[in-house]
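Next, two complexes with chain A in common: one pairs it with chain B, the other with chain C.
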Partner chain A sequence: MPEAHDRPPEKFTLKLRRYDPESGEAPYWEEHTVELAPHRSVLEAVLQAKDRFDGSIAIRCSCRQAICGSCGVRVNGEPALACHTHLDAAKAGARDGVIEIEPMGNMPVLKDLIVDMDAVHWKKIQRVTPWLLAKQPVPEREYIVSKESMVDVTQTMACIQCGACVSDCLAMEVDPGFIGPAALAKAYRFVGDPRDAEQFERLNDLAQDPQGLFDCTHCFKCVQACPKDVNPMGQIMRLRRIATSDHQIVDQNNGERHEAAFTRLIRDNGILWEAELLPRSYGGASWFGKFAPAAGKELLSSLPVAFYGLMRRKMTLAGILKPHKIPRQDLKAVQSIYERVESRPERYELNLYIAGEDE
Partner chain B sequence: MPAHDVLIIGAGLAGQRAALAAAQEGASVAIMSKVHPVRSHSVAAAGGINAAISVDDDWRSHAYDTVKGSDFLGDQDAIEVMCSQAPAEVMHLEHIGVTFHRNEKGLMDLRAFGGASMKRTAYVADITGQAMLHVLYEQLMKHHETVARYEEWFTTSLLRDEHGRCCGAVAREVRSGRMEAFTAKNVILACGGAGQAYKPTTNGLIVTGDGIAMAYRAGAPLMDMEMVQYHPTCLVETGILITEGARGEGAHLLNSNGERFMEKSAPNKMELASRDVVSRAEQIEIDEGRGVGPDKAGIFLDVTVVPRKRTLEALREIVNLGRDFAGVDITREPIVIRPGQHYIMGGVKTDVDGRTSIDGLYAAGEVACVSVHGGNRLGANSLLDTLIFGRRAGEHAAARAASMGMPAPDANAQLREDGARLEAILSRDKDGGPAGPAHPARPRRVSEIKSELGETMNRHAAVFRDETGLQSALETIARLREEADKAWVDDRGTVFNQDVLGAVELGYMLDCAETTVVAAIERKESRGAQFRTDYPERNDEQWLKHIDITLGEDGGGPQVSYSPVTITQWQPEERKY
Partner chain C sequence: MKVAYWPGCVSRGFTPELHGSMAKVAPLLDIELVELDRACCTGAGVIAEHNQELADTLNARTFALAQQVDGAELMMNICSTCQGAQSECQERLDASAEYRAHVNSTLAGEGLSYERGLLTNKNFLWLLVEEIGLERLRSLVKRPLTNLKVGPFYGCYIVRPRERLGIDSEHPRDHYLDHVIDALGGTVIEYAGMRKCCGFPIITMNKEASLKQAGRHLGDAVDAAADCLVTPCPLCHLNLDLQQPLAEGIVGRELRMPVLHLPQLVGLALGLEPGELGLGRHVVRPTSVIDWSASVVAAAA
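The block that comes next holds the complex of A and B.
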């Protein structure tokens, strides 16, 4: 057995975010010192404080083994399950060795460490039609589907609805209407299920929604937060790929056009040419894209930003307008990557959850 | 005051299945849960669900395995119902979206499980309970117009009319503290077991025997309360469960000599004998000095014999559990486990349609005792039990509702009474304080009393029991009851007051513990999960019967009676694995 599990109990200081809605007072911090073996969990520490010092400390919890999803909190500012966070790791990551525990973000706080998940998390889950729309006719026995497909959707089925990804989604913080990582991962659970009849409809709906599929800013916070390796951002990217490559969905939010412009510019020039990227995202992937009315409008509205950038010397006129291109030899190497990938009959998705780690 | 045809208390697998079934029959349905439905402890069930869906299988084989697994205490008519209806139920789950794993041909894959004569356990990696619970909740979201959900409402008592019929419940909205009376033509209890009366237990903190106790207090008989299952493979410190699915995939159990000791007691089935047989074998190895781990109080579970790729695909959750809660990579080294409290076969006595002795009151799932599990439950039969009897209770209640008018109980008196009961707890000696080193005479906190209860049950009402130990447990329980009536609570508020609800739950756990011990004292025999070192043999002549416990009227305490075991096809025989 590794060392951690043989060490005797130690003292840990917790700083809990308290809030009593009946008091009329603002939230405040409260410190408690508990004694537990260092590999035990933050949840056990909170419960010890609750059991020994103050039974009014409110936290949702049940299973203690990261399966019920009740105990989502922020530990030292990062979203986590309290039962799934070891005390020694929490202390090592804490400022001054004092472990800060507060409620999750992006959701209203009801009391102490308890947030209103109905108002945000569950509302968004319900947005994505979270039930199977079964292919007809329903067979007498089981649907015959591949082994791989069921292992694949097990990843998103494994989501325990804890809210950790929602808590710290940066896009949602800026745009509270963003459908968000949990709901979009749940959407993949159906889009990836061969027994579901409405793959196109689901994808089209989420792609066309201005606060949907293309509102994710690709920041990885949800991937880091998830205690069950659901990889919500990865699912969002898979949904995008299926929507654009398999169903040719061109959404009104210019998400597909943006991706097409991005990849085309790199193929043609070996490097990203930002001045071309913007008009092509709105007007279409070719050189003529900049003449489309939508592109013109965007170009005009971004003139102030360009102006300030030029004034502050963050950009130069030559840098903006001169075509970006890499040396011919190198460009051929880049283009051979495109040829190799696109010559494959099927899209290959590396997902370690499915493929397993190296032996 | 909300009024429904069917009110379901508890939103785990049995409760949610009952809700969907009743709504399908056209009944107006409400489902109530003290936590959000997906937090129910069904979510932790891991290994799989049994059904004779293979073309080479026969439900009668499944039924016989279940009867034998029950040590012949199971009611065979109920077992026949469960096993014959299993294949259709599993197909129904698949059709609403459960992501059952497939074999190479694209058909549902089946794994081996304890006490089964052939592979018949359908599974979703090792998160079968979670997948099923979440899929059922998806359906509840879909049918939100026909099933009203009351999430985070704590039930405080059942409503009865002047004839004693059950006609609803009183509950407290956890978020606001508001009390409300719910009228219903039928109530289905689906609150699960009582594992938190033991320490440690695999059960979540919410599993406090609410339904068993509420039915008991209402006068419904409990049955087979002495039959408490200790699961063979739990992590030593925390009691966290390591699924039987590991042994189903081929994992071994080893003592300190590296021996597969199951050969001694179950040469045929080895690690896949019934759970009571395996737990006892492990306990004997530990007690006789062949245990492993820092206190020599554990046994090795060796998953390294399973191909690593298979483990990562089909046992991923226990890889996570081993790493996160024991610091062990189970694909590279054995992990130390030991038996831990897990399930209660006993519960509220029902018939095969979930009816209790009280008109209008049903029970389904772990809270109920039909009995399909008798003296010992086979792994992967509980997921099946919850769905079959949840559905049947929902259908039966809906049919009953169709032929009766809505009751109109005078609920105000009970609303006031329940409110006053909680108020009394909230106003206990506010100026004092809890017991501590400086004030040993003061009342202890709920958590301390609960802790002592759990340790007592784990010492005297566990794998091996005897008269002296059981009597001592009974005395402790009586003492703890007196303490519980005065237990200190810190939280005197109304919003999300978990403290006062914990005090109520403590009372429920004490009721469950008391009835378990009384039944264990009564059964002077060893059968299934009950092993009495003072009566080590099975005694069909005198004890092939159920022990029923009913609350005596006017403070009479637990009253013991018996009921017969229903035998249809399989005569009791010697039980060998």
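The block that comes next holds the complex of A and C.
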């Protein structure tokens, strides 16, 4: 088998989603067959179709080398940079060998493969105050910071603002007001920067927003979508960690309470006690949490669920009133792990993006 | 085959029918389950959100316990969320000898240590396809699920991120549910939400958005004419089944979509009765919604 770069041109069939909102017509699919070497990109294929068959095909592009972030599209249903997706790989992942190319999701389509980044993506980026709010007094020359602290934020700085993560965010799909993965990753860029003066204010603002820090559903879509390994969901988890552990921010969305209740229930029992987790997530992590008014209100609204659960013997009264626990000796071992790890002066975090693999 | 078996928390809590049906199905597949009853919760991503090292150490302890199970070929779980959380911790532990030594020093008091390369941790779905094999599974079917239209619900933790979970063209793990349904004689129903989030992780933070997710996927499955869904994740089951009456209210339509746990679907095809598999314990009772005598039981006759 010759090397990819030496292989002769082949035929590739593209199925493009076409749409012009100004025409008043519904979107439709259109097929074109292009001829290119298999290592060439999906972007080149679209441009060849535009050049040879239909000059009205619209796609945004610029650098053609995965730096500018302009050509985000969906290839076979998955978000990707068109210039960073080889035709042979796209064909291998295609249904019936036809490469499907659509505009990104969660943003309005302006024309064909071009979406309105201003209306969604850039608005959300603006929302997180994406610039440094410098510590005072500003030094006469440069700030002196440790190398490690700047390496820590390089992962979020790798973002090229292509919108692939926004396109596929499942929380945004049902709650379009969610700040979203790209903007929250950008927020970490400044929260993690030792020169920034407003770490607490930034985190408190994001945590108290009902569509903010705690609205992420943990679906890993953004992690998978990102062509630059920014790991937006990982950054969201780091923001939460700093907000709850370093600043003790208690938000109005139950984010901190849920985390605290969960962590404490495992420390106390070894395994989860679901019947307690729900009320404590509303009322507070301690045993008394379930008696708080917010917990009572939630329990009332969950009565139909509890009723069905009990009727079907999914839940038993004993299970609701008494936790199942791991054996005493093991619970002690788990608790001593908690004690040892939580008493460290600093949290130990291993970020593989920065540390890499040593084996 | 003998496996170190991690059932998770929810399968022993609010979805007892999952743990129960797995115990019934295992002998039919020649799986010997050695339960890791000394292990603690994986943290489901929430403990890692609180403190990454804490989650990694708790899971390293579980892995170390699994490595002590004599003659176990691998570790098996029946919860996608456990799989996802454990894979994430294992990825970090395996990447750095220094970090592993650091974590192991916390476990040393108990005489435990996690060794890299000795432990493969597989969800029951992966084990079914990769260890038992679809051909063998097909040969064990006593009551093919003929005429049963099953929508796979994968959820998130078992399909993303692909690299961490070992998904590639040789191991298309994100298609295994389809393959299993097919091997059991059922018809696979594709629908928009099959690899999307059930909404469970934000049920206490944004209940409306959470139930909207569940309701939307269930509605998609109804529109695609599925008889039922099947899922490898008990947390997805909570949002899709237990919360379904509330989800119906949020999306404003009747859904009545039964959701089966994976071992239940396998058990039905292997000849177990719906009652034995705890199918009557669901909020949307598959026993009353699906005419089993017409779909599964009659097909065997």
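One rule holds for everything that comes next: the second predicted complex is superposed on the first by the 332 of 359 C-alpha atoms of A that agree within 3 Å, B and C clash if a C-alpha of one lies under 4 Å from a C-alpha of the other, contacts with A are read in each partner's own complex, and residues count from 1 in each chain.
Here is the rule we use: a residue touches a chain if its C-beta (ideal position, glycine included) is under 8 Å from a C-beta of that chain, and two chains touch if they have at least 3 such contacts.
It should be emphasised that the depicted structure is a prediction, and the values quoted were computed from it without experimental measurement.
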Clash-or-fit label for the pair chain B, chain C on chain A: fit
Touching partner for A:S336 - first (chain B), second (chain C), both, neither: second
Superposed model, angle subtended at chain A by chain C and chain B (C-alpha, nearest 10 degrees): 140
Partner chain in contact with A:A197 - chain B first, chain C second, else both or neither: neither
Contacts of A:A119 with chain B and chain C, given as first, second, both or neither: neither
Partner chain in contact with A:M150 - chain B first, chain C second, else both or neither: first
Touching partner for A:S56 - first (chain B), second (chain C), both, neither: first
Chain B versus chain C as contact partner of A:S281, first or second or both or neither: second
Least Cα gap, in Å, left between chain B and chain C after the two complexes are fitted on chain A: 14
Overlap of the chain B and chain C footprints on chain A, listed as residue numbers: 356-357, 359
Chain C partner contacts - residues on chain A that touch it in the complex: 92, 170-171, 173-175, 178, 210-211, 214-221, 223-224, 237, 240-241, 244-245, 253-255, 258-260, 262-263, 266, 270-275, 278, 281-282, 298, 304-305, 308-309, 312-315, 319, 324, 326-327, 330, 333-334, 336-338, 340-342, 344, 347-350, 352, 355-359
Sites on chain C touched by chain A in the complex: 9-10, 12-17, 37-41, 43-54, 56-58, 61, 84, 91-92, 94-99, 102, 106-107, 109-110, 116, 156-157, 160-162, 169, 196-197, 199, 201-202, 204-206, 209-210, 212-213, 216, 242-243, 245-246, 280-283, 285
Partner chain B, residues of chain A touching it in the complex: 1-2, 4-6, 20-22, 39, 50-52, 54-56, 58, 60-70, 84, 110-112, 114, 117-118, 125-126, 130-132, 134, 138, 140-147, 149-151, 153-154, 157-158, 160-161, 189, 193, 195, 228, 356-357, 359
Chain A-touching residues of chain B, taken from the complex the two chains share: 35-36, 38-41, 43-44, 53, 91, 94-97, 99-109, 124-125, 127, 130-131, 134-135, 138-139, 141-142, 151, 175, 204-206, 238, 240-241, 293-294, 308-309, 312-313, 317, 320-321, 324-328, 336, 445-448, 488-499, 502
